[in-house]
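Common to both upcoming complexes is chain A, partnered first by chain B, then by chain C.
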Partner chain A sequence: MTTPTISPTTSPESPELAAAPRAPVAMATRVPVRTPAALLVLLGVSLALIEVALWWIAARTPSDIVLGLSQKIFYFHVGSAFAMLLCLTSASFLSLADLLRPDDRADALAQSLLEVGVIFALCILTSGPLWARKAWGMYWTWEPRLTLTLLVTLLAVSVIALRAMSADSGTGRRVGAAMAVMGAPASYLIHVAVKWWGGTHPQVIQGGGIQNADMRIAFWLAVFGLLTFAAALTATRYRDLRLKQRGRAIRLNLSAHQLRQRRA
Partner chain B sequence: MTVARITWLLLKKDLRIAARSREMLGFTLLFAVLCVIVFAFGFLQEGAATAGYVPGVLWVTLLFSSSVSLLRLFAPEEEGGTLDLVSSTAAGTLPLFISKATMQLLFTGLVTVVVLPLVLLFFNTELKGFGQTAAALGLGLVGMATVGTLCSALLVHVRLREVLLPLVLYPTVAPLLISGVKVTSIALAEGEGTGDWLTLMLIFDLLFVVASPWLHGRALQR
Partner chain C sequence: MSHLRAALLRLTAATLLSFGPVCAAEASAPAAPPAAAAPTSANPTAAGASAPVSTSAKRDLSRYKEERVPGGTFMLAAYMVMWALVAGFVGRTLLRQAKVEAELTDLSERVDVLTGHDGDAT
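Let's turn to the complex of A and B:
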C-alpha cells in the first residue's frame, strides 16, 4: 500500500521530459542501424584511390632533382592539407548554422568534421617536419603555414576537449559551437599575422604548378583519395553520433512514457 | 531599463566587490610582478637581463596575468548562484558581457601600469616610441579582454576549465600577441612601419567586439 508513487501535483516535470513526444518510441531521429552500402562504397573507392596513388608515386613519378626521394612526401602532405582545411572550415560554418537554428544533424556533422580535421592536421604536422628536415635542414621553423597549422590544430583540439568536459550535453553543444565559430575569424587573422612575419614555405600550387605529367597525376590521385577518405571517415563518425542521438531520444521518450503511465 | 543602465548597475556591483575585497587585484598584481622576475631569471645573460627580450616579456606577462584574473571573473556570480539571474535581464546577456569585459579591461589596465615600468627597469631599457607602444597596449588589452571574457563565460559550466582556458585563449589571441610584440620592439628601436600591425590589431578588436557578445548570448541562451 505504501509503494512510492509520483503524484502529479508534486513532481516537477523537467523541460526535457515535457518536450518529449507522446509516442513511446523515438520517431524524431530516424537513423538506419545497418551500415548503408553507399558508405562502404565510398570507403572502398577512397582506399582504392589511395592505393593507386601510392603505386603511382612509387613507380611512375620521377625523383626530384634537388630534394630526391623526400619530395614524394609532398603528394600526401598537400592532400592532407586540403582535407584539413575543408573539414575545419565546414565544421565552423555548420556550427554557425547550428547556433542560428539548432539542428541535430548540423551539430553531429560539425563535430565529426572537427575530429576528422584534427586527424588530418596531425598527418600534416608529422609529414611536414620530416620533409623540412631534408629540405630546410631543420624539423621546425616558425614559418607562416606551420605556425597557422599548429595554432589551428590546438584550437580544434581544445574545442573538442571543451565539449567533452561540459557538464551537460546541451551547454557543451552550444559552447563548443560558439568556440568553433570564433575559431574561423581567429584563424584567418592568425594567417595574416604569421604571413607578415615572413617565411619560406614552398608555393607549388599558387606558383608555377606541377610541370611533370606523372607528378600531376599522382598529386590529384592522392588529393582525391584523401578527400574521399576524409568523407568516409566523417560519414562513419556522423552515423555513430546520429545513432547516439537516437539512443538518447529513445531513452528519454521511454522514461517520459513510463512516467505518464505511472501517473495514469 | 536600458542596456547602459543595467550594465552600469552590474559594473557598479563588481567594482564594489573588487573594492571591498582587494585580494584579487593584489594577488594578480603580485603574480604579474613575479612573472617578470621569473622571466628576468630565465633570460639572464652575463649578469644582465637582455633588452631584446623586453617586448616578449611584457606581452607574455600581460597574457598570463590576464588569464589569472579571467579565471575569477565570474566567481561572484558562481559563488552567489546568481549567474542565471544576471544573464536573464530585460536586455538579455549583453549587459553582463559588457560589464564583465570592462571589469577585465580595468584589471589588466592596472596590471599594465605596474608591469610596464617594472619590465623596463629590470631589463635596463629606456622607453622610446611611447605613443606606438601605448596604442598597441590599448588595442591588445581591449582584444584580450573581449575574447577572454567570452572564453571565461563559455567555460563557466565546463569541468577542468582552469586548464582549458589557456588552451582556447592563447591560440585565439595569437594575432594580438604577435602584432603587439612586433609593434613594441619596433617602437623601442625607434623604427618605422608599425601602422600595418596596429591596423591588424584594430581589425581583430572590431571583429571580436561585435562577435563576442553575440556568441555569448547565443551560447548561453536557455
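Let's turn to the complex of A and C:
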C-alpha cells in the first residue's frame, strides 16, 4: 500500500501522523539488501537452460526448407510469447487482488510482472516481424493476433507510465491496477485470436505440434529457459520495488519520529 | 548485482558462438536458384527459349534478386534485438536498485544518528 509522506511541517493532529507506525525506528532499518541465494539459483538454472537451448537450436535442429535459418527465430519468439502471456495474466490477477484488498506485496509483484511482460512483448514484436519478412514477404500485417499483441503491449506500457508518473499516489495505483486487470482477458484473446477470427499467424502448437524430435527438444528448452529467466527478472525487480517500499516506510517512520520529538 | 551483468554477457556470447558458424555456413553455401528461375511461361530464359527477354521479365528477375531475404542475418538480428532489450531492462533495474540501496543506507545512517544505535542496514 502506498504510504503517505510526512514532512516535518505536517500538522501534529494529521491523520497521516496518526497512521504512522510507532515501532522503534531502528527496527525498520533491517532491510535484506543482500541478493537472496534462491534468486541466484533461479538465474543460474535459467541461463543454463537458455545456453543449452541456443546450442541445440544452432547445432541440432534442421533448417526449414522454405524459411531457411530464419525459422530458428521461432523457438525464442514463441518462448517469449509464453512468458509475456504468463506475466500479463499473473499481473492481471494480482492487480485484481490488490484492488479488492490492497497489499504492498501484490502491488510490487504485479508491477514487476507487468514490466517483465512488456520486455517479452517487445521481444515478440521485434523478432516476429523479422520472421514474417521471410515467411510472408512483409514485416507487419494488421491481422488479429498481431494487432491484439500490439494493443496489449501499449496497454501495459501505459500502466507502467502511469505508475511512474503518479509515484506514491494511491489513485494512480488504483487506476493502474484497474487497467492491468484487462491483461488476463486480453491474453486469452491473443491466445484464441487465430481460431476465432482467422489471420495469417501460424498455429504450430495448437495446429498439430512440432513433428521433428530435435525441434521439439529445442522448443521446450527455450520455453522453460525463458520462463525461468522471466521469473528471475521478475524476482529481481520485485526485490527492487520491495526495497523501495521499505525505504518509504522508513522515511515515514523517521518523519513521524522527528515530529513526535519536536512536539515533545 | 554483478551476477545479472555477467549473465547477460554470457547470453550474448552464447548466442554469437552458437549462431556465428551457422550464419557463416549459410553465407558460404551456394545460393539456391530463386523460385522465379523455374521454367515457367513467365520466365522464358529459364525455360530455355531463345526468344528475346522482355523488359517486364527483366524487371521481374531483378525484383527476385532484391527479394532474396537473408534468413541467417534476420535470425541473428532477432536474437540480438531480444538480448539488447533484456540487457536494457536489466541495466535499468541495476541502476534503480543501486539508487534504492544508496537511499536505504542513507536512511539507516539517519535512523542510527537519531536513535544512537550503531545500526546495520543489511
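The rule we apply is simple: the second predicted complex is superposed on the first by the 224 of 264 C-alpha atoms of A that agree within 3 Å, B and C clash if a C-alpha of one lies under 4 Å from a C-alpha of the other, contacts with A are read in each partner's own complex, and residues count from 1 in each chain.
Convention: contacts are C-beta pairs under 8 Å (C-beta built on N, C-alpha and C of every residue); 3 or more make two chains touch, one makes a residue touch a chain.
This is a predicted model, so every value here is computed, not measured.
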item	value
Which superposed partner A:Ser80 touches (first chain B, second chain C, both, neither)	second
Contacts of A:Cys123 with chain B and chain C, given as first, second, both or neither	second
Chain A residues touched - chain C or chain B, whichever exceeds	C
First, second, both or neither for A:Lys72, with chain B first and chain C second	second
Which of chain B and chain C A:Met165 touches, first, second, both or neither	first
Residue numbers on chain C that touch chain A, as the complex places them	1, 3-4, 7, 10-11, 14-15, 18-19, 21-23, 26, 67, 69, 71-72, 74-75, 77-79, 81-82, 85-86, 89-90, 93, 96-97, 100-101, 103-104, 107-108, 110-112, 114-115, 117, 119-122
Residues on chain A engaged by chain B in the complex (per definition of touch)	99-100, 151-152, 154-155, 157-159, 161-162, 165-168, 171-172, 174-175, 177-179, 181-183, 185-186, 189-190, 192-194, 196-197
In the complex with chain C, residue positions of chain A that touch it	24-26, 28-35, 40, 43, 47, 50-51, 54-55, 57-59, 63, 67-73, 76-77, 80, 115-116, 119, 122-123, 126-127, 130-131, 133-134, 137, 229, 233, 236-237, 239-240, 243-244, 246-247, 250-251, 254, 257-258
For the chain B and chain A complex, residues of the former touching the latter	147, 150, 154-155, 157-161, 164, 167-168, 170-172, 174-175, 178-179, 182, 196-197, 200, 203-204, 207-208, 211-212, 215-216, 218-221
